[in-house]
Amino acid sequence: MDLYPAKRVEIIIESVMEGHLTEALVDAGVTGFTIVPVSGGSGRSGQWSGQGQVSRAGGMVMFVCLLRPDRLQTLLDSVFPVLDRHIGVLSVTDTYVLRAERF
Amino acid sequence: MDGILALAQQNLLSPIILSFVLGLAAALVRSDLNIPEAIAKGLSVYLLFAIGFKGGANVSSHGADLELALALLAGIILSAALPFVAYGLLRLLTRLSVVDAAAVAAHYGSISIVTFVAASTILDSQGIGYEGYMVAVAAAMEAPAILTALWLISRARPESRQQDSHLWREVMLNGSIILLVGAFVIGWITGEEGKRQIDPFITAPFHGLLCLFLLDMGLVAGRGLYKAQRVVSAGALVFGITMPLVSSLFGLLAGLALGLSLGGVTLLMVLAASASYIAVPAAMRVALPEANPAVYLTLSLCITFPFNLILGIPLYITAAELVMAG
Amino acid sequence: MDGILALAQQNLLSPIILSFVLGLAAALVRSDLNIPEAIAKGLSVYLLFAIGFKGGANVSSHGADLELALALLAGIILSAALPFVAYGLLRLLTRLSVVDAAAVAAHYGSISIVTFVAASTILDSQGIGYEGYMVAVAAAMEAPAILTALWLISRARPESRQQDSHLWREVMLNGSIILLVGAFVIGWITGEEGKRQIDPFITAPFHGLLCLFLLDMGLVAGRGLYKAQRVVSAGALVFGITMPLVSSLFGLLAGLALGLSLGGVTLLMVLAASASYIAVPAAMRVALPEANPAVYLTLSLCITFPFNLILGIPLYITAAELVMAG
Amino acid sequence: MDGILALAQQNLLSPIILSFVLGLAAALVRSDLNIPEAIAKGLSVYLLFAIGFKGGANVSSHGADLELALALLAGIILSAALPFVAYGLLRLLTRLSVVDAAAVAAHYGSISIVTFVAASTILDSQGIGYEGYMVAVAAAMEAPAILTALWLISRARPESRQQDSHLWREVMLNGSIILLVGAFVIGWITGEEGKRQIDPFITAPFHGLLCLFLLDMGLVAGRGLYKAQRVVSAGALVFGITMPLVSSLFGLLAGLALGLSLGGVTLLMVLAASASYIAVPAAMRVALPEANPAVYLTLSLCITFPFNLILGIPLYITAAELVMAG
Amino acid sequence: MDLYPAKRVEIIIESVMEGHLTEALVDAGVTGFTIVPVSGGSGRSGQWSGQGQVSRAGGMVMFVCLLRPDRLQTLLDSVFPVLDRHIGVLSVTDTYVLRAERF
Amino acid sequence: MDLYPAKRVEIIIESVMEGHLTEALVDAGVTGFTIVPVSGGSGRSGQWSGQGQVSRAGGMVMFVCLLRPDRLQTLLDSVFPVLDRHIGVLSVTDTYVLRAERF
């Protein structure tokens, strides 16, 4: 059970952009990611909460993407145009994965 | 005048309005009362399905071809034209940027389906009839305003970038439009027989479920009001109350021109006067991310929606009555 | 005696109780049957809204001013006083720490709204009437017990820190209290006319939705029972069954003193006998984080709630009948 | 022949089928219309509870002991036997691996409860009666097919590992089976009196809630169809349509042998013809993780389910009518 | 597209404390965070699940907070009093972010 | 307020395996973990979304587990048999925690 170095990219972005970001990732060949729901938060534009919300306008989602270190730049290049004008944050963390051939 | 007051009071003391007020009050005292997001979405699916279906079933029994087409056309024109009025009024009353003003204008050209539902419920309880196809007019009025807003911006900023396919999907294939139109078509196709089958679902509990939905909207609006002071200037506040009054006049004229019934004229006034807070905000986040959502959401949801719900609807009914009696 | 058994059997074989038993059984055999959290919360919103509204509408048609004030007062006193009884009994029967005992005591002074709803549904099906304002008494009994519990601890541990504003909000502006009281007020204001409008929503499906809610509670209680052995001593178990019986006597006396109807006396017994498992646990996590939640949740939800639901309610009805007939 | 067409057309133009079609269409044009997961699960809890309860209450008033036992036995045999047919047909028509073919076979031996619900709703609206215990037969048919599939694999691959306790829990204590059987038993125990209490909940809104559930299924099936081309070969497609027809013949024979009523025979045909897409897929993920879920989900949910719903049910009704009249 | 070092603080805490923690963070000037729902877990006090729960007493939530390394101490100081007596865990991970000026 | 080194293990696995994995972890003495719902994602087997899903067959969940570095191997050994044949990814990240005695 060896562990291999990888990158964990976490992107928190507006719900309305979920489809765009998915497309951008898949187009860039980044086909492994997981989407986690988000229930609230706070940023420069103040606090928000998803409670009782019907519109998708206010909400956010979190993408978690594990990938080989050498693919990081491809991911960043494809994500940046989507993230650029929109509300959201991105972080990149060093991590280790099992079964490196999957990433 | 007495008529308006009596109607306003009667309206104010109905379960649906009081449920909204309860939600508003609970949020303002910062209670932890809340409706889960999934339940709120489920309620909105129910309301859209029920109101769409009932409209379609009604059209199926009364027929509406040319009338319907003309009313749809009028709705589209209203939705496309009102943003100009809103934009002008905003530039007059506020210091909002071009982008913010255009985004707000898109909301006021488009419509709020819950305001429409509340108004038709009030008409029902007053025994005032209306054209079943008004719900199709509501659907037709959702999107055109967005195009006007984008045009306003592209005129002011010719360098602004092309909109992509995502926006068009967001605007035209928006879930609430599809559901409303789809249910309308199902109601139209299945007619009286279909209505008979699902009537105990779409009619009997409708009023009560609307109460819960308005409770939720009160909670959401109340939470929004916390941020309102910082975001909304006095001028914007004036806009949030004046604009529905102005729009309702356009609705009134269009309704009279179409020869609608009293209820139909009222509903067209309500549609014109109401501002979107579900579909258009989402479209604006896609199309105009640089517009400040706090401005348009606060105006539409925390100012204009409560105004229309509590005072506007009785006012529009009375105005339509006066004009059509005269 | 025969009366109790017949009533207990009839109760046991009703859809609501069997739904609870189904949930319990499914959890105990470790089935993956589950009700999503959002649905469970939605059901509780429905039940609180419906029961509050019906109570208020009832008061609006029967009037209740002084009577209501006295009943509220009695409820508040009961809620504030019963924790002393519970605390004493716990110190006698168990080795729980001061903090754990006080936390449990708060639960038993407060009330379980579902037990109340189940009892009123059973009274309805027996054709036994009751005062509409009992639901307001239920709301009034939610919070005072918490204050007594905090006082018990501050007496035992004078150094304990001051409670902050979060606690007060948690206690007084708790969502379920606000919703219950709010719906009561709406029912009171809108009266018969309001009731007529939303009756098909709050009355017709009520019984069935209560079944689903009790199914969910059975599932949650059944999952909790897994941990029960480790957490609950024999003494605590005895407490979980004795305490409701003792409390119900206080409820009986208070009900007789107030001159309530048979149904009203029964409901006051049920309120006294029931233990909170929604509002008070949350308040305890804020106020007394060092108290062990497994103890109070297990006692309240897995022991006392099923006891009251299955045996307690028929017992209280019979006791009230006997006393009031004699 | 005219009978079938008329029936198919009437079926096609009912609100439930059109709601499914609406969902399908919305997903295919890639609208963002969606039903929250919690609401979809809540709807399925409602449908299972209501259909189980109604079946039980019906049995309680008509009695069914030996008949019921024989029908259950027939259902179990059908469920255990049909996977052999399916497996053979798949090996003939497709190049699926042993594991994939066995996994698909398990789905077609088991049943789809929504197809059953839709069929009984259509029978109701045609005024065709059926045995209340058919819902118990449905429950009994959920699991046996899984055992056959596992046996098929263990025969082909004797080295395959032993199944653990998780699988048995997944199969036998699956939430939907427990709920269906539990509600059936509750209906049986509480009978007419219980039915009277919760009837406004389980009967009046049933049709409408089924529409919303089918809308959701249309959305899910439509999203699945996107992947269908890549996954489903022409042979598999033929299987997805042929298999229900073949199975329904087995159901017809079994129904005639049992001496069921016209409605009962139709429902047994529907059960035999339908393929699971809730319980069996989950069991397959546990038992046969190497089987490709895209294959069995697409076949069951995107091919066979719509086929049965739209064309199959009217066909089975007509076939049963013809045979039983002859 | 440069990446700047940052800290990713993840706090898993009882739902009833969501409001307190939010206030503590905002008071300390930490205005950027995201709240993720949690559906179950296990700890020294045993396993729990949010399924079918109506009371907020049992549930938990997860706060994810990205911030400049030099602001970490402020965050810890403001969070500690809230976390101290309550059920919950906190972890701090080194990470990298885009658009450093936002944190 | 000292911070102690720890490992953050994140496992994204099919919903149907939630019970198995929980048992495997608890059996291995790993009793601290949190389960986060997942709403969609993409992998080698294509994209999926939990929207409107009734069956548990399609969904996934995320386990987050903080533990002392020396316990990592125990965790990996207990998780591997569960993860092996099933859909899912595992990552291990270096992190720091408060109150080390809890892990």
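The chains carry the letters A, B, C, D, E and F, assigned in the order they are written, with residues numbered from 1 in each.
Everything that follows uses one rule, which is that contacts are C-beta pairs under 8 Å (C-beta built on N, C-alpha and C of every residue); 3 or more make two chains touch, one makes a residue touch a chain.
None of the values given here were measured: they were computed from a predicted structure.
Novice: Count the smallest number of chain-to-chain hops linking subunit A with subunit C, moving only between touching chains.
Specialist: Minimal hop count between subunit A and subunit C: 2.
Novice: From subunit E, which chain is the farthest off, judged by mean CA positions?
Specialist: D
Novice: Express in whole angstrom the distance between the two chain centres, defined as the mean CA positions of subunit D and subunit E.
Specialist: 45
Novice: Using mean C-alpha positions as chain centres, tell me how far subunit C is from subunit E in Å, no decimals.
Specialist: 34
Novice: So the centre of each chain is just the mean of its C-alpha atoms; given that, what is the distance between subunit C and subunit F in Å?
Specialist: It comes to 38 Å between the two C-alpha centres.
Novice: Which subunit B residues sit where two or more other chains touch them?
Specialist: 32, 34-39, 41-42, 169-170, 204-205 - these are the residues of subunit B that touch more than one other chain.
Novice: Return the residues of subunit F touching two or more other chains; collapse runs of consecutive numbers into ranges.
Specialist: 19, 36-37, 39, 56, 93-94
Novice: I'd like to see which chains touch which, written out pair by pair.
Specialist: Chains touch in the following pairs: A-B, A-E, A-F, B-C, B-D, C-D, C-E, D-F, E-F.
Novice: Given the complex with subunit A, which residues does subunit F contribute to the contact?
Specialist: Touch residues, subunit F against subunit A: 10, 12, 36-44, 47, 60, 62, 76-77, 80, 83, 89-94.
Novice: Considering the complex alone, what residue numbers of subunit A touch subunit B?
Specialist: It is residues 14, 16-17, 19-20, 39, 45-46, 49-58, 85-87 of subunit A that touch subunit B.
Novice: Quick check: in the complex, which residue numbers of subunit D touch subunit F?
Specialist: My answer: residues 34-37, 40-41, 44, 166, 169-170, 216-217, 219-220, 223, 227, 277-279, 281-282, 284-286, 289-290, 292-294, 297.
Novice: What residues of subunit D sit close enough to touch subunit B in their complex?
Specialist: 13-15, 18-19, 22, 25-26, 29-39, 42, 125, 204-209, 211-212, 215
Novice: Considering the complex alone, what residue numbers of subunit E touch subunit A?
Specialist: So the residues of subunit E touching subunit A come out as 1, 3, 6, 8, 22, 25-26, 31-37, 61, 64, 66, 93-99, 102.
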